[in-house]
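To start, I am sharing the structure in question, which I have written as structure tokens.
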């Protein structure tokens, strides 16, 4: 049971995001393994490494990046630590997935930009993960198709049930609206040229001192006007919506997970054209569940009993269809193995 | 780059489903690899095997199952071939994921059931993959919670855009409604005790001789009435819907991918409570995309330029917020590396 | 203040439905007035008549029908009394709107049918009011257009929050499903040729002895299969849904008051094409509210203050648009008259 | 056939809106009749008056307002003519329904305001008819209930399929956004204190010179931020949406005619609680249709044949229910009268 070519990843930072990425690489995705973990907290690094075959634990990113076993770096440490790790990865010529923000300010981001240019090739992917969301991908595809004409406006809603106690008004921009900044740039393929922020009376549910919600306006170099409601104490859940207004129609995502368009006198969405499209995720989950259970020595899914019952009901169904009447189904008693 | 403990899978049958499973094991899921492929068509088997590191090609399942490299079997061959392969897998004490149907009729399914009982432990998972669909899982969780009371009725819709030329009325039951049979049994935890089939005038879009659509009625040993519209030439797409009617409310899935309930004077759905729930798939896809690109020596996702631009707009945003006015954003010229 | 040609209506029965029709004729619709009311309870008849200009009260329909002031009859008495009143109306050659059921059984309905035929012209409209519901009308128009091809199946849901204590299983058919019978016949333009009723385990919320819910199946002379869930103790409200399955698509009404179609790879609904269509009801309600308030000597709607404020904001808006900046609005102090 | 107390209305202006109001008063609403029509075009006034019993035609509002037969005035002439007619109505002490705008600018509106104050009582209702729309009324009721807490933001969308050739950028404000101005003031019970207008690149579908769409921002004296997308060449239809963001949830109207709220972890809407609520409009339309047909000497609705067929199917249904089997329905041949 060995496999050539699996990517050895060093995960830098094992906090909430880092630990989740370790789990993801181990248990969900294909083609990679966690070769090293790094955390300033040596105990936490060790604890995470222990659960992973062949994974080493470090407190210093440099040590991990120097390992022969490391082919790539995933940075999930706090933002101020990103620049040093990125430069170290460049020194080792390692590809990087860097959680957002790239760095905490424009000056340091510019230094990383210049360093990567000196390398002469791109090595870094920034963790703006909305670009991989199925809904945003559909919206992007629709925009790129120009089916609805050029985009003119973009309305965003970004709502959290409640904000943590240490959240500040500046973090509304830097931690939350930063996603809409990237979404705006990516969906439209345009740069943002001006920002305005409007503040209504703060919600009584916002912590003292936090001006929440706000309406953030972007103008782009393509002449699109973008408004974003940032509302981090909305009380009812986490909700991300985007509606693009184009010349011939609009498209909205984020209402219960399907894209709705307005165009040509009709509102609505598309219907999948076959089961492969509709149930792609189910097939993936099914085979993953089977592999996971099998590796644990278990059987967890539909059983032979389920297969037998289906066969017996099918036989009754075909008879009912042929004879035009009600047909009863007689199963054998359910064996103990299937209780 | 090696990894201990990866499950070596023999994939039996490399038609549409089999080939898709080979791709899935190779590129999507974690913890398994394709160790062998089997097809009566030796050329096809060889072609599939060639793309996979360390994968052997066979025309006889027996040869594949005997290999030391094979830890588990995925059966995706035609239904009539299933029984022999299942029994062979039992002989080698190998775990099996068997595409539906388990076998083509109740008598042969019963023989497999008896064989597995003789083994004394469960080895087979049947490929009823709707049990792994996110929507069905939510519906099942809601039913199991008894939040809406006991189930009384289940309304299913199963629609295909069009049927292949060789589709027969019996296949409406055996190939299509078989999914609703399993869904009924699994969702309700009840066995089906009687079947009735009602046939309206056939659609003008159905091929000559195919009685399509039909309304198939199940009664269960728990007293639930189940109706299924099977409609394989509906013309507009692939659509699977299910509405369970319980004592205190109903829940429906399949309308644009979100579950809608009727209860306590309101219709609607739930809102995700945090970004981990909302964007779980996006995170998985993001890291998979990064690993895949990295293994190909590419960088495809958001770039350092994107990270820099976000940082610059954030700075403008925080100033706009603080100063209550419009702030322009000044980016450096976009370097060639990021064009 | 007089008006020629207003229809003088005798309302027979002043229970819930009858009293509501009196209010409707008086206050909502145009071109008619209540000339007489009839109830076996003389006090109730008198009480209702008192509120209506020129309306007389009677205990015997015959007296009312003989009045010169009566041009038409609205029957809202209990079903068993309908036949006699209908025949009396025929004798006076008066047009009738008769609440459903026409009569309580087929034999008596047949006698009315024969009597009307002897008149040689139609005089009776039966109160199947779903034919006047905006959603059903849209569904009917879509079906009549044959845009989606011929109808093949019809799925109905008929749900009440709870049933009154005196409700019986037979009333599920006679009082509730009777609406779906008419809807089936009217939507499809076909007669019902056979009925089957399936009964799941009764809901724990149904009163002792009431078999609720049920699944009622119709076959039509056009070969359409119709299923109706009748569910009069669903607990969550009153909900009426209908989905017609046609050869090229389906259309569903009753989910939050808009028709949704599946066709040509898309689900969704139509968008109004102008404000007259979108706000037709608002205009009707506006003018009715103004007339009603004016007749009471009151002014209740948007005031001159509202008109002035809009004018002032418009001026600011046009300046803001022209000058590209934020313009403040300065209103005079709100006069006491408008508090 | 006469009726005391009907309101005699003079309709000033018989263009599109005026003619529609004449029809509405004549045929739809209760309690009023058109006593006089006025238009500078004498022929048009005469043509409209001809269709209405007892209606006189005038070219001068003064003549109409002086008539004994006129109890109230509905002004639907062009905006610049409103002031004079309003003052004339005040002189005759007549109640007025005045189409928006009250007058074309704030100064003239102020003069009307002062004149009404001198009267010492309110006589004018302004035609902001969205206050009578069922959806806006539900939204207003929800806001007034404070169920979702205080309002913080309001997002409006106002879209027309296309604009007439003479439409100007200023009319975007004065003719279109004026509705959102009133909606803002009415829904929130607050005055607007500042306006900002943002203009994206104009749509290629907008006529040369029209800056369409625009984003109009209001600030209110209650600290609410309001944004309105005005988009009069959207291409797909007429669409008016409003979403209020409150402290504990949001509510949106305008997506296919039902209000959707986000609150307490769920999105969705309410379910009607009985048929009176659900089918109120159908009952109104039914009785109006019957009255209209009867006055024309026709019968147009469900017939005795429909009543008989329902009775016959009910009898079969009750038997099917009791006997647990399929029962056929035998109707008599359909008489010629009902073809």
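Note that the chains take the letters A, B, C and D in the order they are written out, and that residue 1 is the start of every chain.
One rule holds in what follows: a residue touches a chain if its C-beta (ideal position, glycine included) is under 8 Å from a C-beta of that chain, and two chains touch if they have at least 3 such contacts.
Nothing here was measured: the structure is a model prediction, and the numbers come from that model.
**Q** Could you tell me which chains are in contact with subunit A and with subunit B alike?
**A** C, D
**Q** Pick the pair with more C-beta contacts: A-D or A-C?
**A** If we tally the C-beta pairs in contact for A-D and A-C, the bigger total goes to A-D.
**Q** At what distance in angstrom does the C-alpha mean of subunit D lie from that of subunit A?
**A** 45
**Q** Let me have the rounded angstrom distance from the C-alpha centre of subunit C over to the C-alpha centre of subunit D, please.
**A** So the centre of subunit C lies 20 Å away from the centre of subunit D.
**Q** Report the inter-centroid distance (CA atoms only) between subunit A and subunit C in whole Å.
**A** Between these chains, centre-to-centre, one finds 49 Å.
**Q** Enumerate the residues of subunit C that touch no fewer than two other chains.
**A** Residues 199, 217, 236-237, 239, 256, 262, 265-267, 269-271, 273.
**Q** Note which residues of subunit A are touching subunit D in the complex, please.
**A** 149-150, 152-153, 155, 159, 198-201, 203-205, 213, 215, 217, 219, 222-225, 227, 229, 231, 234-237, 239, 245, 247-250, 255-256, 262-267
**Q** Looking at the complex, which residues from subunit A come into contact with subunit C?
**A** 260-262, 265-271, 273
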